[in-house]
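Here come two complexes built around chain A, the first alongside chain B, the second alongside chain C.
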Partner chain A sequence: MANQGPAYYSPYPAATYEGVITPPEGKALLLEDVVDEETAMREIAKQMLTKENATIFPGPQVLYAWSDEAKRKATLIKEMAEVLNANMIPMYDYRPKYPKIDAEVEINPNHPNLTIWENKIKAAIFIGVHCHYANVALKIVRAETDCYTIAMCALSGHEDAMATIRDQHASDLEKFIKIAKEVKSELGV
Partner chain B sequence: MALDIYKINPEFRDIMPQEIIDLEEKATWSVKMDKPRGIKELPDTKELLEEHSLCAGCPEAAALRYVLSALPKPEDTIIVNSTGCTSLMFPHIALHTVHSLFGNQNAVASGIKRVLDWRFPDIEKDVVVLAGDGATVDIGLDYTLQSFFRQENITTICFDNEVYANTGGQESGATAKGQVFKMAPMGKKFDKVPMWELATTSGCHYSVNMTASAPKAVARAVREAILIAREIGPTFLNIYTPCILEIGLSANEGLGEMKDQDKDRFASYKHVSPEAEEFLKKCKEEGRI
Partner chain C sequence: MSKRSDMTNTHNWSGQKLVSTDYLLFEAPREKHFMTGSEVLKEAMKRCTVDASVSYPITPQSEAAHLIGELWAEGYVGTYFRGENEFGVMSEVAGCAMAGARTVTTTSGPGTLRAMENFPQWSGTRIPCQLVLMARGINSPLTIQPDNLEVSFMLETGCMIWYAENVQELFDMSIAAFTVAEKPDVHVPIITVVDGFFVSHTREAVMLPADDIALEPYDPYRAPLPPIDSETPPGRFLRDPFVMKSNYISYATHASWQWEVRSAVERSRPYAEHYLKGLIHITGEEDAEIAFVTCGTASNQAKEAHRELMKLGIKTKVIKLRTIRPFPAKELLAAVEGIKHIFVPEFNVVGWLEKEVRKELYNKCEADIVGGPRVAGGMSMPAEAIIAEVMEKINPGKGA
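And now, the complex of A and B:
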């Protein structure tokens, strides 16, 4: 279990209390360092291609076909999973959790740590997950697992992920896929 | 956008659980319906509580299903509930719900309704309070009555099981005089609060006292109450849903208890204000009821 957090009401230490904040526009975050977006993309691809049970968690903003951008992103995320040899677990929410659903397999924002523990996931990408769920989930995962978490965020990023790239729209995903293919070829995996 | 938020991206259909796919295909969102949603939807509609976590044979579980089936616009309805057995069921339904602090439900609902009217002036949004007798008649009585005084456009439904059931059987204001419970061993000392009468005198345009013995009657009352609340003002339903556990009945005896009470303490009470009466006539002519 994590230590008591700096705020003394949350058991989880939050990155902001350690001075980590979201990256400025055009930049990305690798652990505590602000880096160029391309550098971060290369590191993300490397982590996903080399860690055990790499998994992509697509969230409601891409799981549902509510806009043209969401549809385009869905196609690209599928391609991304193929390039990264990654599994996919939907983080759908907004729908009832019937008791027959196995919450430890189908990720639930309230206990993504269980999903990551049970599946021994060592690298994970959160994409299309609403900010409030991602914030909670990433804090828990960061505190209680050894999973390398990656936030591909369409807004300003998440400081509690190990790697954060921000303002990720369909064109940025295309760029990431291109970089991931290069890294894959360099690593020979 | 509207219902597009419920359409699964074709790319992800293969990774979505079957439950979610079923909901997309079989839910009865009002814009998808060629006929009004209703009680007949219960057996095969995914979002109307396929499973629940209450006691076997619980009349409250049945009543909630009737209420859900009767919502005129489920995708544009927000249910505000309070602590009680029913709150265990809300995680299992595909509707917008807000869990308020115990007793605060009518205050919370008032705020939500006002914001929705401001934020979505062109869309009819319904706010329905669903709480037990402890939250409505005891701890939340002030908030409930104040919302009636203020003429908030919300429907309040009280699942009256005449006891604080999920905390072990304390008497509530709705408990009948003389009733003995595990934590009221001397028997209740004063009369049951006639909440439906309080609702009438406090300004509700529609106030009904009934049991959940007849699904169609419950559904009709719910639909009428919501439509009136949308257009005219506050409405109230008191629905007797006995806690079979606390009064010592078995799982198959809840319906019998409600039917007995139909003729006794819960004999039908219905108040409709003149403007609501006029409005209901119009709704019938337009086929909305």
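And now, the complex of A and C:
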């Protein structure tokens, strides 16, 4: 059941109404705190390595080989999943599913909570999802679940995720994988 | 005929050198010209690497639309055509923008209302197009006179709304408008408003940069929704069913979508702050106890009243709002600290700006808010009308 959000009586909260907006260039967001990118990367790795059923939700921008960058990112995301011991559930298009979604094998921005409930996911990375659909999904997830959401965005980031890093290109994913390996070693998981 | 494929890394299709918005607005040398608002809008669009413009004639914006058409003939605008009517125009603007074109249109008065359904559809599909609204009265009775009542209809469409006071501001603002609207985390339509006739048809001195420089082109692949593109996956199928098929949309999606559109407007604040040099501009006495909260040409009249009241030893200040959506609530609250009387002069009968000011200051400020003076239907608002309002308040029964 949805919690009553702070955005008036909508169950779907909007961080901007709490004064939180996307981080400036070179920075990241952890909840409402602007932090250095590396600090955020370490926290993201920690959350993904310690929460139950950690899952990566790759979106169309990394699922389809529409550019060289997309192809490179897709390879790195697979490696990222292995390092984080994470599952992968794709968001391969944004169409509402009729008559119903197969929540075990895909996630959809209309009702992302169903996939999270079905798979009991406690931490998730959204990557390669067009920003608007990511933000719509993140608002629903924030209201309906206790999943720790992470946005790894190629553009300006997402204040509705619990952790967001911005301007993430392939070289940044390589940096994240390196940090995730260090955190994994520190945690001994 | 201009083609996007004629563009290089350094120059657009018409041979203009591509520069940053900061350079174009703040650094490029400028020369003085003497132009109307319509003419200066042509000059602004000439420097914006505009892909598409759709027009339909309605007074007072017809001339501006016509002049943008001349830009197409001169090779500066990629595509230009006339719509069937304003509803058609705004629908065609949506199509152009969804397909990835930097798109501009203009309208006025009843044309705005005829096209009304499109504006929330624009914001709902997160297109970064620009509507230059040259405000005019709303029927009935039929009028072509200056009046900004129509802005009250636009307030809750999910679009950003900026308001220019004069010809110079119209030039600078309409260039900054594309830049802010196209930021990936903003990406909602922007309505740049000027008061029709008072700005569109008034010739003023204006400082313009050279016309051989222009904005970098719009990159639709940095959009928060995928552009319509059948060639490149994820293709157009990703977009339209979600947006248009209401029977597939859950209330959860619709609710979070609405909050997201409004969040996008909120995220424009730091960008607008930078390019407009503040969401509000203040002139007058810092220790004044009387403030005028204004937008558009009412600001100009309030400044005139301020000068006259200074001669009478009455200190006032003018707080001009440059953005209406997002509303600069925090900045306004700070600006009215110590103020005892707030006057909201405006060019419409309903007092939409007064309502906005009251809503934002309610329970946060002890100043007495006076909704006026208020004129409508093309009536002018001389400084004397504002002075009379002030004198009646501070010197009741004795007039100015």
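The rule we apply is simple: the second predicted complex is superposed on the first by the 167 of 189 C-alpha atoms of A that agree within 3 Å, B and C clash if a C-alpha of one lies under 4 Å from a C-alpha of the other, contacts with A are read in each partner's own complex, and residues count from 1 in each chain.
Quick note on the criterion: contacts are C-beta pairs under 8 Å (C-beta built on N, C-alpha and C of every residue); 3 or more make two chains touch, one makes a residue touch a chain.
Nothing here was measured: the structure is a model prediction, and the numbers come from that model.
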Chain B versus chain C as contact partner of A:Val35, first or second or both or neither: neither
Chain B versus chain C as contact partner of A:Pro58, first or second or both or neither: first
Touched partner set for A:His130, first chain B, second chain C, both or neither: second
Which superposed partner A:Met91 touches (first chain B, second chain C, both, neither): neither
Partner touching more residues of chain A, whether chain B or chain C: C
Partner chain in contact with A:Ser156 - chain B first, chain C second, else both or neither: second
Chain B versus chain C as contact partner of A:Ala74, first or second or both or neither: first
Partner chain in contact with A:Trp66 - chain B first, chain C second, else both or neither: both
Residues of chain A at both interfaces, chain B in one complex, chain C in the other: 63-66, 94-96, 98
Residue ranges of chain C touching chain A (in the complex, touch as defined): 126, 183-185, 187, 222-226, 232-234, 237-239, 241-242, 245, 248-250, 252-253, 255-257, 259-260, 262-263, 266-267, 269-270
For the chain A and chain C complex, residues of the former touching the latter: 2, 7, 10-17, 21-22, 60-61, 63-66, 93-96, 98, 109-111, 113, 130-133, 135-137, 139-140, 143-144, 155-157, 159-160
Residues on chain A engaged by chain B in the complex (per definition of touch): 58, 62-67, 70-71, 74-75, 77-78, 88-90, 92, 94-101, 106
Residue ranges of chain B in contact with chain A within the complex: 1, 4-12, 15-17, 19-20, 23, 47, 50-51, 53, 91-94
